[in-house]
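Quick one: the structure is below, questions incoming.
In this document, chain identifiers A, B, C and D correspond to the written order of the chains, with residue numbering beginning at 1 in each.
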Amino acid sequence: MADFDKFAEKLTRGVARGTSRRSLLAWLGGAATGAAVFPVLPVSRANAQSAGHGGGSADRAPVLSGNAQDPGDRTQCDYWRYCAIDGFLCTCCGGSVNTCPPGTEMSPITWIGTCTNPADKRAYIVSYNDCCGKSSCGQCLCNRNEGDRPPVRPQANNDTNWCLGTESQIYNCSTAVIIGVATDPR
Amino acid sequence: MADFDKFAEKLTRGVARGTSRRSLLAWLGGAATGAAVFPVLPVSRANAQSAGHGGGSADRAPVLSGNAQDPGDRTQCDYWRYCAIDGFLCTCCGGSVNTCPPGTEMSPITWIGTCTNPADKRAYIVSYNDCCGKSSCGQCLCNRNEGDRPPVRPQANNDTNWCLGTESQIYNCSTAVIIGVATDPR
Amino acid sequence: MAKCAIFLAVATGASILCHPLAAQPFDKPLAEEPVPNVATLPAVYPSSWIIVSDFNFTAIIDGRGVVVDTSSESEPFKGMFRASQFASILSATTKSEIYTAESFFTRLSEGEKTDAITIWDKSTLKSKGEIILPGGKRQQIVTYKNTFQFTNGEKWALVTNFTPAHSVTVVDLDGRKVLGDIELPGCSMVYPTGERGFTTFCADGTLTSITLDPAGKVAATKTTKSIHDIDKQAMFAGPAMAGKVAWFVTYRGMVRGFDLAGNIVRPLNADFSVGSAEGGTPEWRPGGWQVIASDAGGKLYVLMNPSGKEGSHKDGGTEVWVLDTVKKMRIARIALKGVGASIEVTRETTPHLIVARGDSVIDVYDAATGAFVRTLGKAAAFNPLTLTAM
Amino acid sequence: MAKCAIFLAVATGASILCHPLAAQPFDKPLAEEPVPNVATLPAVYPSSWIIVSDFNFTAIIDGRGVVVDTSSESEPFKGMFRASQFASILSATTKSEIYTAESFFTRLSEGEKTDAITIWDKSTLKSKGEIILPGGKRQQIVTYKNTFQFTNGEKWALVTNFTPAHSVTVVDLDGRKVLGDIELPGCSMVYPTGERGFTTFCADGTLTSITLDPAGKVAATKTTKSIHDIDKQAMFAGPAMAGKVAWFVTYRGMVRGFDLAGNIVRPLNADFSVGSAEGGTPEWRPGGWQVIASDAGGKLYVLMNPSGKEGSHKDGGTEVWVLDTVKKMRIARIALKGVGASIEVTRETTPHLIVARGDSVIDVYDAATGAFVRTLGKAAAFNPLTLTAM
């Protein structure tokens, strides 16, 4: 469980950065009454532009990792890391799957998804950090909701604007950063 | 020329409302050096959304005057009064061809076009008053440029935001108001 | 006429040089039209009108609300009002006012932030005042109705906050002032309850009802036992109101009623399923944004997705199922022309089912027969999310 | 895996309950990736990059500039910066800075207005300062380059005002302060002239050159005779710069050069036609928004519309005609894949012709051969208007 410890510690640092101790405790208090073993925070917004899941238009040139263990087009909504993302894909906005675009600020706390990598069959913990401080990127809007729950459980809801604890609350795009492994395949 | 006098007087009132006397004089001074017999002011913006002239989508239900002497669909860019308009058609925004939408303010001074009515063959002076104070309506963007000239002749240029002399400079949509007749057919 | 028109545009005085050739049948020219001229709306909107929240994804800062006449194919767009930056919208029934809870920045996307409630006059759609919300903590979330609700006979409003600590700000709308904040650790959304209070859902599955005193402070608090299985039977946060009863539907299609008439929420304990149907892959489930609505008679309408599975609950639906809450059964299925994202039912004498689609199209159906009546096309909003009947 | 993944999302600690069945060939999992992580750009942009103004018609208040890599089909969008409310954009060549002349309101679309120049760092795309423009008179017009220009070796900027009185505000960019205003009755746009001054076009057909003193005040003024027939040979306001020579094209296709190297504009008096061609209905004319561009060698590129007539000058074009200004003749015709609205030519060793289309698509052609090279699709901007090569 080394991964989890590192990740929980990372996250706590993030929360501490992003919020006052008092509000953090109040929030953890709330979360603790829920089913989550540790906080996995929501950040996302629904996609009303298409009934499907969105992503880049089909004729977009693909962006690939070049690593057989990380397959898929990062401009498309069906890329494996996006199983619980909701927003504009930073890969289409001047950032990358794990980097915010120039001039934005990465949200310190985020909603976490757990997505299975079709290449190595491992379940990875993916952090959907928002990029904040510039207006809607407008490219590659994508919405997938595996594990999403109503706002009553914020740590599992992906409608909230998680540009919180950032200098500006304006939402630009969302990343999908690998921060740990949930399971090793048997 | 009675129409012209009334219209010039109307316009001067408009200008006086919209600008300080000093700037008015400065501007009239400038205009007077141009070819215009009296000021016809620009207000409009280019349409980069389509190489055509825009207007409502073809499947829009038509808005007609019900008067055989004023033919055409006021949600479409080819309606005769729109020969020099450029912007969102107020008919599609909660206003009408000569009325601003609720909550907006009509710009006191505007760019004037002269359009020929296909029904009575008269050339009418059409005032493209902007509606201001709410953000882009977003419906029925239309751009036609008969008589449009570069900004060096503002009274004949339709790229300027004419939400000037209004409480807010935010542009919402454009009207096409009949304010006079230029010619009676022979 | 082109060259003539041009020449006129730059020198109308010379227009007599212009000689159109065609004869004309009309003796008198069209009349001059007065300026300035600005439209107004009725103080009370007709029952065929709805208020649509337009999230405007490609410029979230420039969100808006749109007043829409669902009876007009040609001119459904009656007017708009600002709803900036993950705003919430609230329409009064006892006053001719609309309220928006918004956030602003001094440099559009940077600079100092101000949270405020803006008061809009329904007839002029002009802003007529604002109430500053202190602390910069207003909850910014994709538009839900239950982040901003009335209480105390519409004299007060409740605004949810998220920092990520949950709290609620109580606002005196008539007095144009903030009355105070109520900390709600782990509890979310507000559902008006009793004369002066609200119920909120908590992360441990309980519901908490809070009664407010005349000063807006907490007078009494009552928490139910855990009755909300968020893992297996999560309820969509937005209920359909039938009188004082809030009807919720779960991601898996269970319908649950809660009576909010008294000071304390009362579960009806009369849960029932929306039912099942053939053709599900793997099964039919509720799906969309505003997925449940009620009509004046108390019947419920639920937007259903034939590709129902975990994670499908925001994907929209292809049918609306009509439910009788007394018989606890489905009484009709309405097939939609497109994939719906949000639904609402008007309070007209012949009620209409309004369906906002993911492609921005808004369609209108006869709520009683399910017959398609008209489409409003994309003429109302870029991204319609919540629909509110008048 | 779906249900497994869900369960993990809400309770990752229980993930050991999860048993994917397939074997896997990879011994080690993918590495953790660091957060936070924000991209930066080179201090000097490559010559394949351009800056695009995105007018964002459906939310004009939320206009932006986009840094675009025209050599990348997959990732052309390098970053964006705010350009709010009919903003103008200016990119420095001697400093790693971009400037935007913008307008803001305290309540998005209402309240107090502030005009300001924002300074953006090219590498971080963060705002690093602003200069308030007094008087609320900044000209709000669909994006032109010549409403906002440098002078005095890029140490100063000139901002045009319109109230509707024309004036120009002189700004000390290095000193972060406004130096003063210059009244220009009836004159519009600024074209940097000499070391420290500018030329402006006037409504009577004259051009006026103004030399500024070290304090930014008018040192000398010189007005030409009337040389611009605005009725019959109106010049598009945006020229193509070849060194210090500004090349303009008229609505009817006459090319005119003006030398701006000295303190006073010098007409080259070497006008020539872009030429004609078959298939015009009625004739070929320049058409679009940014219709003329130059390459490093001084060749000119003009966007041409086969349906040329009065009023067609903003309708876009289907071909680009290449002109030799020495031979005063057309040397090539480039057929476009779509209707272009604005064009620019990069300064790459193999220069490319960039065509922004009315449908938001940006296409890239080989400027020398006219061969289509690639499309950037709609991946850069909603409404690309001006294009600026690096």
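One rule holds in what follows: a residue touches a chain if its C-beta (ideal position, glycine included) is under 8 Å from a C-beta of that chain, and two chains touch if they have at least 3 such contacts.
Computed from a prediction, not measured in an experiment: that's the story for all the values here.
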{"item": "Chain whose mean Cα position lies farthest from subunit D", "value": "C"}
{"item": "Between subunit C and subunit A, distance of the C-alpha-averaged centres to the nearest whole Å", "value": "27"}
{"item": "Separation of mean Cα positions, subunit C and subunit B [Å, integer]", "value": "34"}
{"item": "Whole-Å gap between the CA centroids of subunit C and subunit D", "value": "40"}
{"item": "Residues of subunit A engaged with two or more neighbouring chains", "value": "35, 83-84, 134-136, 138, 146-149, 153, 156"}
{"item": "Residues of subunit D engaged with two or more neighbouring chains", "value": "2, 6, 10, 58-59, 61-62, 82, 108-110, 230-231, 310-311, 382"}
{"item": "Set of all touching chain pairs, with the criterion as stated earlier", "value": "A-C, A-D, B-C, B-D, C-D"}
{"item": "Interface residues, subunit C side, partner subunit A - complex", "value": "55, 57-61, 85-86, 103, 105, 108-110, 113, 139-142, 144, 162-166, 183, 185-189, 201-204, 228, 230-231, 234-237, 289, 310-316, 338-339, 341, 357-360, 383-385"}
{"item": "Residue ranges of subunit B in contact with subunit C within the complex", "value": "3-4, 6, 10, 35-38, 40, 56-57, 59-63, 67, 69-70, 75, 83-84, 91-96, 98-106, 108, 112-117, 119-125, 127, 129, 131, 134-139, 146-149, 153, 156, 175, 177-186"}
{"item": "Residue numbers on subunit A that touch subunit C, as the complex places them", "value": "19-20, 22-24, 26-27, 29-35, 41, 45-53, 83-84, 109, 133-136, 138, 141, 143-154, 156, 159-161, 163-164, 167-171"}
{"item": "List of subunit C residues in touch with subunit B within their complex", "value": "1-2, 4-16, 18-20, 22-26, 29-33, 35-41, 62, 64, 67, 73-75, 77-82, 120, 123-126, 377-379, 382"}
{"item": "Parts of subunit C lying in touch with subunit D, wherever the complex brings them together", "value": "2-3, 6, 10, 56, 58-59, 61-62, 82, 84, 102, 104, 106-110, 114, 116, 118, 127, 130, 231, 309-311, 382"}
